[in-house]
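This is the structure, below, for whatever I ask next.
Naming follows writing order (A, B, C and D), and every chain is counted from residue 1.
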């Protein structure tokens, strides 16, 4: 290949810029030209594509969000949209594409690959929910953002002897809630992967109070229910007052942690290596402490499994 | 005086611990004994009071919340409650009391003072809404927490070209919204002190977009309306999609900034000086860059005025 | 005036970008064109000047350093250099200049003013050492950086029962050491403004240990002596082992605090107002909680006085 | 076993408290009593041992340092010291001990095990240099502290077009320098594991400048040479001015990251499980994304290998 492209797609996640930087510089290192596609698949269709030099990705490794922007694109789901995209890429001389994003972005990348245009996927999402990789870019930063918020809430909870419900992101995957619950010393964690028992939860709250705990924290993944709904149920069931904090969009932003920058760098570089071998349809990941590449289809057909040992341990330690 | 007490009351705020430390050590410095009253006026009534040595307030200057805890207390609003409190203080040999809290806490302190038990008030609240002082302890920390959240949200807003509504604390006072709006580069700030013009707000949003701004941020103080309500109004009026972030309880917590630690130290020390002169019914504050004490009644009868020049400037700079 | 320029000079400080943004947008708000001069007076001489629009200073309010860069410039101290600078400014159509920097930068601004080219100074330095203003842009951020470092060092000091010497910036002014010492709960603060008594310092260390303190922290401003030199003296005098941490350059960087962003915004805007009145030779400052402008000469002829009440209080509270 | 002990030893590292909390609560969960040994092996010899309940380790998961304190202990290296320690433990009814620390601490634990008193080791050190585990508790926090410092230094470096040398911890292991260099976008990384080529380093600096880079950052692990020594060599060799920042002790402190809290929790809990099986002489670690236990002797006889792929990648990306 003589020229490749790179785009970010789906929800932004901290560390995407480190991945973009790695793609660009690794390509240049191998003597390959590289272009940035702006605003995801939408930009691909519209030809919003610019050549990038090594200096263009300087000073971005520490920035949150994505310098290539992101956007949703309904048109790209259609055959017409995909053909337009390929046309644009041909016009720009692109022979391969690195797609940084979540499983939805991977589907688009697979569609292009099947149409003869090789794409490689890099997992960028704070949800850590992509099958085939132990970690995704952005998860570690989001997790630390949640932990900082819990630490702040704990100050207030302790001062006022209160119970707090903290709602974190996670429609289908409980990773963020699980890790944050264990690291934040939460009494109870509610995740989509596990049915919850409201009686047990209330029992734990009441026992904690009797034991002299000045605060209790419940973490709930948004996929289970909203924090305010949980508050209402606890109130109804046991007449316990709780406060709710919905962390929301702050979980997506911020300067990436060291780990997310390293992960982004490793993944971006590997994606270029795989692509330069002329192989498409591969996804990059970290599996058992090794950077790997695997069939991209797995990422949206297999199931992601959260590490349930964290769930068990969290319960044991929150006594 | 031979012995004084100190308590924290109302919503906790970062820097209260610095004030407690200053009260304790300044008293000891002057050869006066000091006791901590736990859980605010409730603890005063119940006699939840313990002697404090210099070492007991070591390593707390950097902690959020309040080591003396806080609580609401209906009983203290009654004569019976206040008489119980005075009885407890006599039992402990307390001759004066430093009350760290907001205007509600000051009312209680004034009631005790009128019953012959001298109290001095120290302004501890993140709202910055106490008349007679330019700053309250906790405001600076809360403000920086809001700013960090806005910086995170901006990452995402820029990446996705979105408009965000950020709801911050402030029932009656717009200080937090004003300062955060200016420091966060917000397009629009809605505060209780100023009627808002939704057409102007929408106009600014649309002009910003035309000018090529990739993100817009609207700060709304909770006292004006909820973030979700504002979202609905904008949607209804102009069919513009916005995202809402309700910052909530994280605004109260966290390790205090340097300024709040210094303010807490200055105020706590001054409170002891005033109290040791045998004077009650005074409030401590910062006025025109000087630590001052003034009639505590002013703090709950006069009106707090937000600095509206920040409002005007913010509008001029958000072009 | 129809067009003005803005430059940053001397050591960079967090919040300079907020000031630049305010200058640019306030000028545009008043219908005046504005140009950025890059790399300080060096850029002025070389004509490294570019027109700035409102959008050019978007997304910089939260960034550390200065987007206009800074540099030392020997040539500008000469008449020849200054005349070249004026020539360049005439070529660009600039009729006035806002100079953001320390007292050295002010001297240059005064020289231009005297040559008939009106300049207004904005105090940007982490040292807080400019006479005529209670605060300079960057001081608050540097102070919080120091405090975070002390908090980290305290963890280790407590765990190992150690005494730490923390060397902070401050050649001639002890403000940073003073505020950091009070906010960080240091046992001893050494500043250029006050002669130190090594026997008293050692006495305090030894008393603290006897009282059961697990850690001791000494803050020394670099202008007094280096941390390693102090360590040697303490070792020699009392055979006490200490550890040294020289904070160094991290004190200049980082995203500005809310206060420094607000200060930068207020000062930058006021500088434009003053300049548009056709007045040169003025410096902007905050005096007794008011934004003021005053004769720039005062800034480099009068003496800066640190707030010594912090010094006294710090000693009283570190018992 | 009916009762076990836990101690922290060697340099403190963030996340040790999470490990202590996990040991205590996991033991209690299994119906086993647990005691904390204060100030490491010194406290063991002196019988500085206290029973711990679940509540005693509440609110410590977020704290830096170690609540059990740490200390060096020469006496424990002798047979007499070790026998005293065993006597004390028998007196307290301890039947096993969890030792949290580095490889030096492991040697002590192995000595006790060989004398019939089973110990299990938990890797707590910021250096990440313990053979048999991919990560140690505290490394991730230290790494992020370094990254934040580099981000701050980069602000200043960019503003002034300077080259900075950042000296980080690491006597024998380059992990911290390697990860920080990659995540911080450093031009050059000097680690003990790799001989350095000063000509290549200078060549890279000069090429970067030609390419228009406004800043260059060199990371040097203290085990290679001091930052000031490197500055002198570069000056001598190529007459390039650099600035030095020695990060020092701040690298050990701070609230632990989410990852270090999770790692501490997982490791502490596993240590209890292993110990309760009556097995001594085992070390806990994370290997290929799994919590494992292995022969403790390996930890101080085998060699730690830094991940040199990070070194190569860093060079490729810093073009």
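Note that a residue touches a chain if its C-beta (ideal position, glycine included) is under 8 Å from a C-beta of that chain, and two chains touch if they have at least 3 such contacts.
To keep track of the chains, here are their UniProt names: A, B, C, D = ATP-dependent 6-phosphofructokinase.
Quantities reported herein were computed from a predicted structural model and do not represent experimental measurements.
J.: Using only Cα atoms to place each chain's centre, name the chain farthest from subunit A.
T.: Relative to subunit A, the chain whose C-alpha centre sits farthest away is C.
J.: Answer with same or different: of all residue numbers used at the interface between subunit A and subunit B, are over half used by both copies?
T.: Looking at both copies, the contact residues mostly coincide.
J.: Report, in whole Å, the distance between the mean C-alpha point of subunit A and the mean C-alpha point of subunit C.
T.: Using C-alpha averages as centres, the distance is 39 Å.
J.: Cα centroid separation between subunit A and subunit B, in whole Å?
T.: The computed centroid separation for subunit A versus subunit B comes out at 35 Å.
J.: Nearest whole angstrom, what separates the Cα centre of subunit B from the Cα centre of subunit C?
T.: 28
J.: Quick one: which residues in subunit B touch 2 or more of the other chains?
T.: Within subunit B, residues 151, 154, 158 contact more than one other chain.
J.: Considering the complex alone, what residue numbers of subunit C touch subunit D?
T.: Within the complex, subunit C contacts subunit D at residues 8, 11-12, 14, 39, 63-66, 69-71, 145, 149, 151-156, 158-161, 164, 214, 243-250, 252-254.
J.: If we count contacts the way the header does, which residues on subunit A are in touch with subunit D in the complex?
T.: Touch residues, subunit A against subunit D: 18, 21-22, 25-26, 28-29, 54-55, 58-59, 61-62, 134, 140, 143-144, 146-147, 151, 154, 158, 179-180, 182-185, 211-213, 255, 257-259, 261-262, 265-266, 269, 287-290, 309-310, 313, 316-317, 319.
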